[in-house]
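Below are structures written as structure tokens.
Paired with subunit B in one complex and with subunit C in the other, subunit A is shared by the two complexes that follow.
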Partner chain A sequence: MKRFVGMWLVIGAVLVGLVGLFAAFYALAALGAQAAVALGFPGFFGSSIVNAITLMAVTLMTVAALLTVAERKWSAAMQDRIGANRILVGGKFPLGGVPYLLADALKMLTKESTFPVARSKFLFELAPVLAFSPTFALFAVVPVGPEVRVLGQQVGMWVASPDAGLLWVFALAGLSVYGTTLAGWASNSRVGMLGAVRASAQMISYEVSLGMSLVGVMIAYKTVNLQAMAIAQGVDVIGPIPAIGLLLQPLGFLVFFTSSFAETKRAPFDLPEGESEIVGYFLEYSGMKFGLLFLAEFVEVVILGAITAAVFLGGWHPIFFEGWLKAHLDPVLFGAVCAAAFLAKVIFLTWLQLIIRWLLPRFRYDQIQALCWKLLLPGAIVNVFVTGAAVLADPSLELLAWIGVVEIVAIFGITLAVARPKGAHAGHDAGDAHGHAAHAAGH
Partner chain B sequence: MGASAETVLFWIFAVPLIASAAGVVAARNPVHAAMSLVSAFFWLAGIYVLLTAHLLAFVQVIVYAGAIMVLFLFVVMLLSLTDAELGLEKLSALKWVGVVGAAGMLVLVVSALAQSGPRAMRAVGADFGTVRAVGRILFTQYLLPFEATSVLLLVAIVGAVVVAKEKI
Partner chain C sequence: MAKDTDPSPLDAAPVESPLDAPFPSKRMLVNLGPSHPAMHGTVRAVVELDGETIHGMKLDIGFLHRGFEKSCENVTWTQVFPYTDRLNYVSSILNNVGYAMVVEKLCGLEIPDRAKYLRTITSEMHRMCDHFTLIGAMGLELGAMTVLIYAMEARDLLWDRLTELCGARLTSNYARVGGVSRDLPEGWVEKVERTLDHSVAMRNEIDKLLTRNRIVMDRCRGTGVISRADAIDYGFTGPCLRATGEPYDVRKASPYLVYDRVEFDIPVGTNGDNFDRYLIRIEELKQSERIVRQCFAQMEPGAITSDDPRFVLPPKPEVYGTIEGAMAHFKIIMEGILVPPGEAYSYVEAANGELGFYAVSDGGGRPYKLGVRAPGWNMLMALPQIMEGQMLADLIPTFDTVNMIGGEVEQ
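For the complex of A and B:
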């Protein structure tokens, strides 16, 4: 009980801290805009540069770095272990394993850099950079918060808002294939090459269904700009329920989330890096070059959460009590609450990915390709036609929302229908009890 | 943005573009040549953005750098042919034909540009190059070529499946 209350207190404190953090980010962006105006440039030049630092270099990288620790802790929790807790700050406090972050960074930076003699010299060095930078740059178009007026400047919580926002996402997601492919090829190792071929075949395939799954969203919101999509998701569609992407496009959400999960190459889609068979395309990398490939994966996890939250989970809209918040809070504070809500959604989605990693068994390679071409791609194409017909018949989106409700019910129904009967879980209850006992002992 | 800033940006994109285009031709290793081409597409996209054709810039990166070149690279890497297998030795005569052709093309382009002379920049509307504007033109004025291209691509897909599968 004490632990349960403590958990909610920590979550509440984190949310309040995020609101404060984003209020500060808004103020910084406004200062940047003021500086740009003083130098004779449009204001958004300054706010974009400041946002690039605060959102991409600070927020994104902090979340991605903390994820390396979070993954260990969640893996441990899923396996009924305690996890990384050997580094004690001041000889006493494990601090949730966070100091492992510094230890990892120190290890990677100081490790001897080994490399294969027969490598392709330039491309070997280039590959980790090519794996990391497109994924990192993807975050530029993610709208973290709404546009508000701070210190006399109109500032938004995003780095760039190009007209063709989602196409930027597709373009950079397509470029990230080069990093993995070249990493395997430039190492000049057979095993690394096998990993690279698996990785690129998988990524090319899933890019198709990834692109197709978002066409429905584009039709529904009549835009490809992520900021415009976030705004469109705040409009009510059935009574007081807003037109969030999850309601209008449940099928599109499932296909998108699965496809982009496969793009991150994490379990259960981690065929390019099986420890028991081929190790992976990064086999020959050591030190910080490996660190960059490793970090790129976690940045991908955060980006996937961010794009999903922006397109399907209502963007930066807090959804609950939004009208009240907007009416009673200072506009800047409301903006900060929205941005904090967005980051909370992103953290929830990254947590979901950590859970899925341990929930599902690994696919076989032919199953990966069959899932993409025989299930996800036809599903996405059907979704495009259904969405197009529904929007044509009823441009107010209400019909599409009801179709979405039916789809959600159908998905739940199918899931329950194919679930194993209770009797098949003979060992389940005992295992659960054991888990609780272990936890109780832990307290 | 002033004209001077635009000129600076133009050279920032143009010089690496020419350098990577030269790299495609000069590189002995096919993988290096392919990567040079990818980088050329990237810098070219920057020049499209300078011309306020954002959609074209993104689409070019998606289609050429993200899809076509990946498949090129894939094939080149899997085959990893030597010069002898590629038949590069036999190409020395063809090489000179290529040089003559390229020089002729250069003369043609330069003379055409010299004849046309300097022209004033045409002002474009605020929605020039946006997804909405390009989409509207594509689905009204150029509907027939658009649909014809779709059919062409469909034929190519069916053809690829037929070639790849011995038994359908």
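For the complex of A and C:
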């Protein structure tokens, strides 16, 4: 009981802290905008530069780095272990393993860099950069908070809001495959090569279903701009329920979430790494080059969580008590609450990814392709047509929302139907027929 | 061994029309091991890959060769026991018992009932340890590391109980010629029963995580298949043979110790694939637990070693108190027990299958010759055939489910 209360206290404190943090970020962005105006540029130049620092360099990197620790601690919790607790601050406090963040970074930075002699020198150096930077840049278009007026300036909590929003996401997500592939190829190692080939096949295939799964969302919200999408998700559709992506596009959500998993190359899609089979495309890397490849994976987890939250979980809308909050809070504070709600959603999604990563075994190469081309892609295409027809029939989206409700009920129904009956022993032939439906629902 | 530079077959697809561009592809030799996360112990597999498909595989074993058989010829019969611990190091008592039985067969020695029960109990507990290790490792090979940790928890609790009994976690050295080394400590039975309850909980947890898991089913069904006829030809025994449908278990086929007095079933598979091997091991965990509990109920107090002074050390008070005792002790320790001349083969059901010991005695204090039939050997030799045409990713779990134990196979 004490721990339970403590847990909620910590979560509450974190949320309050996030609100404070984002209020400060808004203020900083406004200062940046003022400076830009003073220098004769449009205001958003300044706020974007400030946001690039506060959101990408501070928030994203901190969350990604904390995630390395969180993964260790959470996997330990799932496996009845204690996890990282050997670094004691002041000789006494393990602080939940957070100091490992520094220790890990220090280790990576000071480790000896070893190279295979027969590597392709330039590409070998280039690969970690290519793996890390496109992933990192994805975050630029993610709208963290709404646009509010601070210190006389309109500032938004995003680095850039290009009209091509989602297309930017596809373009850059497509680039990150080069880093992985080149890492395996340039290190001139056969297992590295195998990992690289697996990675390229997997990532390029899943790119297709990743893109297709978002077409439905684009149709529903009639935009590809993520900020516009976030605003559209605040509109009520069935009674007081807002038109969040999860409600309108449950199938799209499942396909997107699964595909994004494959893009992050984490279990159950971690065959490019496959630590028990081929050790992976980064086999020959050491020191901070390995660190970059390693961190890229975690950054990817956070970013795909962020995009999922932005597109499917209502963006920065806090959803609960939104109207009350908007009416009673100062606009800046409301913006900060929204941004904190967004980050909370991202953290929830990364946590979900951690659970799945430690729960499920790995697919095989051909199964992963079958899942993509035979299940996810057709599902996404059907979703596109259904969405298109529904939006055409009823532009108010209400019909689409009801279709979404039916889909959610169906998915839950299928999952429950194929769930193991209590006490029954699993026969070899039982449960063959349900195919991948349960599996997709599991995601 | 084919080298990389050898004229590798350029597997150009047959050109069917002039428009087909021949695309020569080369097969790739990949070295897995000897130090590789998937290779238990140290064994090397040289795999010839066409894409991800295995075309030809060579196994290179011997990195763990210790000269077991030769070493045994240089020590007395009783000093062999610690060496047998290192055969299948996950379930050492099964090896101890197997070796003790061949010596007893040569000596014509009958062991007391309680010793039989103790041997059965500890053997079955070690069988559970072995199966837990294997199932956990299979989870690890498939990428489900959580399963490994759960299995390790169950296994280590069982090992803890055996440590209380034998004094060592891994190298138990528990059996003796004519009986066992120690009786049960006080309160041990209740503790073991609690541990068994816990292991049942862990087993159910693993069962829930894996057995109906879609990915596990996809990965394990129909991979690593060997037919019943092939399995018999290769000399498979144990869970791998039973997975193909052949209900052969030494404990039933030729009962030893007290296996004829306890009730248990022999699970049999149908397909001989990885999934069947996994299911059989889950089921055998249940059966082993059943045997242990029955033994606890049936066991009665009594002597734990035979009292034949030719083969068994005299009790300590006699050693320290009487000249005869001291001399008998000295003779047995220094000279070794004098096993009557002859040869014998004795076999038990170890965790991987039939573990046979073949011993020849010339009447002296040391084995003249000792041979081991390691169950893992036959399974390992079949691996290249099993894996032909399958995918690289399937090699790893198959390597696990046939359960090659370096210490045993390479001796």
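Quick notes
Quick note on the criterion: the second predicted complex is superposed on the first by the 423 of 443 C-alpha atoms of A that agree within 3 Å, B and C clash if a C-alpha of one lies under 4 Å from a C-alpha of the other, contacts with A are read in each partner's own complex, and residues count from 1 in each chain.
In this text, a residue touches a chain if its C-beta (ideal position, glycine included) is under 8 Å from a C-beta of that chain, and two chains touch if they have at least 3 such contacts.
All values derive from a computational prediction rather than experimental measurement.
By the document's definition of touching, neither partner reaches A:Asp236: not subunit B, not subunit C.
Applying the stated contact rule after C-alpha superposition, one finds that A:Ala171 touches subunit B and leaves subunit C untouched. Applying the stated contact rule after C-alpha superposition, one finds that A:Asp330 touches neither subunit B nor subunit C.
Looking at the shared chain after the overlay, A:Leu194 reaches subunit C, while subunit B stays out of its contact range. With both structures placed on the common chain, the touch criterion links A:Leu123 to subunit B but leaves subunit C unconnected. In the superposition on chain A, A:Asp163 makes contact with subunit B only, not with subunit C. Look at A:Ser276: by the touch rule set out above, it reaches subunit C but stays clear of subunit B. Partner contacting the larger number of subunit A residues, of subunit B and subunit C: C. Look at A:Trp358: by the touch rule set out above, it reaches subunit C but stays clear of subunit B. Overlap of the subunit B and subunit C contact sets on subunit A: residues 193. For subunit C in complex with subunit A, the residues that touch the partner chain are 28-31, 36-38, 49, 52, 139-146, 149-150, 153, 207-219, 221, 269-271, 275-276, 279, 391-396. By the touch rule above, subunit A contacts subunit B in their complex via residues 120, 122-123, 126, 162-164, 167-168, 170-171, 173-175, 177-178, 181-182, 185, 193, 196-197, 200, 204, 207, 224. Residue ranges on subunit B touching subunit A, taken from their complex, read 29, 31-32, 35, 38, 54-55, 58-59, 61-62, 65-67, 70-71, 73-74, 77-78, 130-131. Across the complex, subunit C is touched by residues 75, 78-81, 190-191, 193-194, 198, 267-268, 270-271, 274-279, 358-367, 420, 426, 428, 430-431, 436, 438-439, 442 of subunit A.
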